[in-house]
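Per-chain numbering from 1; labels A, B, C and D assigned in written order.
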Amino acid sequence: MAIAREAEPVGSLREVREAGLDRDDLLQVYRNMILTRGIEERGHILYRQGKIPGSFYTGRGNEAAAVGVATAMGPDDVGTPLHRDMGVHVTRGIEPWRIFAQYMGRVDGPTRGRDGNVHMADSNLGLIAMVSHLPAMLPVAVGAALAFRIREEKRAAVAWFGEGASARGDCHEGMTLAGVRKLPVVFVCDNNQWAYSTPTHLEFATEHVADRAEAYGFEGIVVDGTDVLAVYREAKRAIEKARSGGGPTLIESVTLRMEGHAVHDDAFYVPKQMFEEWAKADPIERFRSWLRENANMTDEEEDEIASEVKRTLTDALKRADESPLPEPSQLTEGVYASPEDLDTPHHK
Amino acid sequence: MAIAREAEPVGSLREVREAGLDRDDLLQVYRNMILTRGIEERGHILYRQGKIPGSFYTGRGNEAAAVGVATAMGPDDVGTPLHRDMGVHVTRGIEPWRIFAQYMGRVDGPTRGRDGNVHMADSNLGLIAMVSHLPAMLPVAVGAALAFRIREEKRAAVAWFGEGASARGDCHEGMTLAGVRKLPVVFVCDNNQWAYSTPTHLEFATEHVADRAEAYGFEGIVVDGTDVLAVYREAKRAIEKARSGGGPTLIESVTLRMEGHAVHDDAFYVPKQMFEEWAKADPIERFRSWLRENANMTDEEEDEIASEVKRTLTDALKRADESPLPEPSQLTEGVYASPEDLDTPHHK
Amino acid sequence: MAELTYLQAISDGLRTEMRRDKRVFVIGEDVGVYGGAFKVTLGFQEEFGHWRVIDAPLAETAIVGACTGAAIMGMRPVAEMQFADFISCAWDQLVTVAAKQRWRAGTAVPIVVRLPSGGGFSGGPFHSQNPESSFAHVPGLKCVCPATPEDAKGLLISAIEDPNPVLYFEHKHLYRRIKAEVPEERYTVPIGKARTHQEGDDVTVVTWGAMVYTAEEAAKQLDDVSVEIVDLRTVMPWDKAAVLESVRKTSKVLVLHEDTRTGGFGAEIAATIAEDAFEDLDAPVKRIAAPDTPVPFSPPLEKAFIPQVEDVAAGLRELAEY
Amino acid sequence: MAELTYLQAISDGLRTEMRRDKRVFVIGEDVGVYGGAFKVTLGFQEEFGHWRVIDAPLAETAIVGACTGAAIMGMRPVAEMQFADFISCAWDQLVTVAAKQRWRAGTAVPIVVRLPSGGGFSGGPFHSQNPESSFAHVPGLKCVCPATPEDAKGLLISAIEDPNPVLYFEHKHLYRRIKAEVPEERYTVPIGKARTHQEGDDVTVVTWGAMVYTAEEAAKQLDDVSVEIVDLRTVMPWDKAAVLESVRKTSKVLVLHEDTRTGGFGAEIAATIAEDAFEDLDAPVKRIAAPDTPVPFSPPLEKAFIPQVEDVAAGLRELAEY
């Protein structure tokens, strides 16, 4: 039995305008999706070149979901994106070269070489850096929402989590607190159908993760995560509802993880057919077609975006590669915060 | 919206017979409820006499719920009762004097003075001793059910938890695992409407805890916890369903905690009227009337039960009081198990 | 100055900060209407409202995680664990998120977690523990363990002011037993500075929390031995300089704590002294701590578990005669 | 005898027990079809079926809690954490339930939790930790840390046989790097007995896990110093007698571990030696361990974090010259 509401795909440009995006915004969304994929593709190359230490994760297939939600966020909203959500960092405006620096363990990555992969965030962009432990950031996002509620600010927090991570206690406790206090938080489940090699039916026994929202006293919505505009529309509604005192929403965005869990994983356990089917619903290709059909995106525009992204990436790679590795002497600095660390916009 | 099924009260003797209890069983159930209350009332007196160290908790108001479920369990089923579930220990056949010894920190309590209150169990009776941390025993009960499933035994595990403790991650993780694997476990929520001083609407945002069962892929049932026969019937069904491969059930038994959280607490935060109303539904009185009306319980039978219980309690108190306090030298013994500890029926 | 119990001093410190700083809020189980299991926040909800004194669900991970998020958004949360023992349910949030966020991502997490800890009244295995050693090992966390009402107030205010996650261990056995004059105004006691509870020349006791008083009683039993008692006050960071200075004077040390011995924080102190003051020592560094068992319920067992005045006196005697 | 990697030896030990004893089952994330993140259980599900090789939900508390319940019902569960770091999510189940159940209630909890731990390949703060110290402090838990393929197999079988909760720390950096002859038949290696990795007369190194090899390399750099390396093999219980015996011979000790220094288990070992072998020591007990930070990702930082051969050689030199 499905309890959650299934969101419809987005149709016309008019409908999108109503949801708050004009044509320029749409092209920007498209650009952000391409940039997101580009960053991860270049990351993959860097990895194969031996320039990225450790392991390497991407969110291929999740570009629409990540960018769609982030586009719906306002500048004062905050979020805790995870390892498939590069599009959130991109949309919030992180400088791509800093991501490459992060990947390569250089001092100019947001964590200054201390952590790797997408374990990072630019706090000036309203993002909080994830930890590996899933979904430990979810209660943290709930806490951000609690701060907004206490101060009576009209802001929302967005907490991402995977469908696999939905099995953990942190998810339950965070949603419970958010539900009983009607906190301004939007939970976004990136349901990419696999948790490493584990299929969804071994992670939860409902049809959809969103079916659980009811158990916490709020609404659950299932949306096609390859439809960036549908994701945007649902996120926008949920964020506005949160900001205006309506409490949390759980949005489940369904996609397929289009690669292995990480670089080392060939995903042999995913049926080939599944990949083939979902490849047809590539979120970028899908949106490109939509833009051409519904917003008259021209060849020139498309090319311009493609080449701007390419330029950005090339510059970013170059700049990142100039960033030095950290000095060993920096290791022990800053284990504890000092009062100046509280000189941030949030602590005013 | 209530998703769980609301169980009906039990009516006639015939209906009860169908559920598996004959008249003698019913008198035994009645006796167990009285004995349960008697133990806790005597405990209270002992506490006031200064004979019980630390704090003291009772389950007044929960006798029907505890005894009802335990009566539905078979000898090979196991359970993890909590601090309001004295009736489970009693029904499974613990010798009452050992409970008093436990209360008073004597060597003949099941924990030999190492732990207090209802933090105990007789493992020969198929019970596992609770820890304070709520509801940490719930995943443990799920593990017992997992053992039964692996070995293909037709046995069920019963996991108790409070409505307050339903907020914790252990509850979620245990139910998730049980749900995806359809393990033979019955979850019993003692919803006594308060978690210490915290009312239910601050613990969960649904109408009933049982409404959450759906989120884990199994059935939720709400039953009046003052109706011992209704509790019995629902528990019996759920246990049989579990044993025969039907997976978990969540039974929420609604009562009122008729005293403070523990002896020190006067429960000023519970509206007087609430106590008054629920006092009318005293589970023992309710069952007594039912037995007189439906099973022709005679004055003699009633008196006989009352005096047998009284005798049992007096003897138990005396015997417990003769049990010595533990020797300090015993403190460090048995922190680690030795192979002989595995010489139990379970480890054959 | 007013005479306050240790418990009243904690309330006073918390109330002072909540009045002074709107960013401070309290969250925990039963902290609102009920005023907390030990009544530290009694009357707070009336004064500060139910969005600054929040009755949380029974969910320690949510409580600590939410504090972390709120702190990052500029609040100064003070979480109450109903008993210190229940912090085990939020271990991951503290160790994985709160402790490492500053170092990894540059994000300060100014939260305080209040932990009513310690035994002495038959609380049994789950209402008596002293879990400070477990946390002191985790880089990024601070651990504060006041012994006096004055320190209880001043250290709580320092903890709230501190830009880091601070675990504030308040010893339940001191709550109503220990009273002293406490300044009425706001003041802080620095985190990381020990206090000489009493001066002496022959043996140094390094301890904290309720054991300070056990050491004091034990010292009284030895007329012929002059005992210096160093109350660490904060276990992480701990005041190595003050300890080493005292050791240089006395050349003999007893490290005393209520938590279990093996791998307890006393080991760190003893190992450090043995390494850094090797040439100054006239006797091995002695440790007295609880035996390696859970905390027992029954009084004779609990007495055998918690270090007693006689145990400490015997240890001091042994060192003096070494 | 066959030459096996450390990883193969673990698989071999586990397979041996699963073939011999039907009560043994494996549960963890991706242990089935995938064979576990490190492929320790590759092929197990085919051989033993999916009720003895269980792909669990991403829920460490459920995994460990369920193992406890199944163990009490007579099974012999072996849980796999995908990385040791994630055990923080099951801290409460281990510390509160599994560790204390025997002492409190007389109920043995024979579970094994396998913990792929340690750094050395830029796993960063959450895929590199060595959390054994935190658990070694908790009465009721055992901590096993094999360094050789032979010990890896024999200690895993001992851990499964043991009637207690045993944390089995397998060092990822040894998985494929270390190979040796391993008996094909079933055998056990006793928990609580150290192994002399190499004999020597001048300085004792007490260590375990991957650091055994670091110590060995360091010792090679000092032609003029005869180094004895004691591989503890199990940290809880640890072989105090063997360590003290070696110390009596050499009179100088270096305690070495990969976990962070302050409050690490090295402190317990150092404090014990300093107390029990006070008169035998010719130099202070030296500790070398990681600095008090999270584990860094970037290679130059990680190199500065994990004790290196040169660091250990310098420490040995210092002790030799003391």
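Heads up, the rule we're going with is that contacts are C-beta pairs under 8 Å (C-beta built on N, C-alpha and C of every residue); 3 or more make two chains touch, one makes a residue touch a chain.
Just so we're clear, the structure is a prediction, and the values are computed from it rather than from any experiment.
Farthest chain from subunit A (centres taken as the mean of C-alpha atoms): B. Computed centre separation for the pair subunit A/subunit D is 37 angstrom, with centres defined by C-alpha atoms. Note: centroid distance subunit C to subunit D, computed from Cα atoms, is 31 Å. Rounded to a whole number, the gap between the C-alpha centres of subunit A and subunit B is 45 angstrom. Multi-chain contact residues of subunit A (touching two or more other chains) are listed as 111, 114-115, 119, 131-133, 167-170, 173, 176-177, 180, 202-204, 335. In subunit C, the residues that touch at least two other chains are 56-57, 59, 61-62, 85, 88-89, 92, 96, 100, 103-104, 125-126, 139-140, 292-294.
If you sketch which chains touch which, every chain touches every other chain without exception. Interface residues of subunit A, counted against subunit B in their complex, comprise 1, 3, 167-173, 176-177, 179-180, 201-206, 211-212, 214-218. Considering their complex, residues 78, 110-112, 114-115, 119-121, 123, 128-129, 131-133, 136-151, 157, 169-170, 173-174, 176-177, 180-181, 334-339, 341-342, 344, 346-348 of subunit B touch subunit D. Note for the complex: subunit A touches subunit D at residues 53-55, 105-106, 111, 113-117, 119, 131-134, 162, 164-165, 167-169, 195-198, 202-204, 269, 325-332, 335. Within the complex, the subunit D residues that touch subunit B are 25, 51-52, 54, 56-57, 59, 61-75, 77, 92-93, 96-97, 100-110, 139-140, 142, 163-164. Taken together, the subunit C residues at the contact with subunit B in this complex read 29-30, 32-34, 37, 55-62, 82-83, 85-86, 88-89, 121-127, 291-294, 296-301, 303-305.
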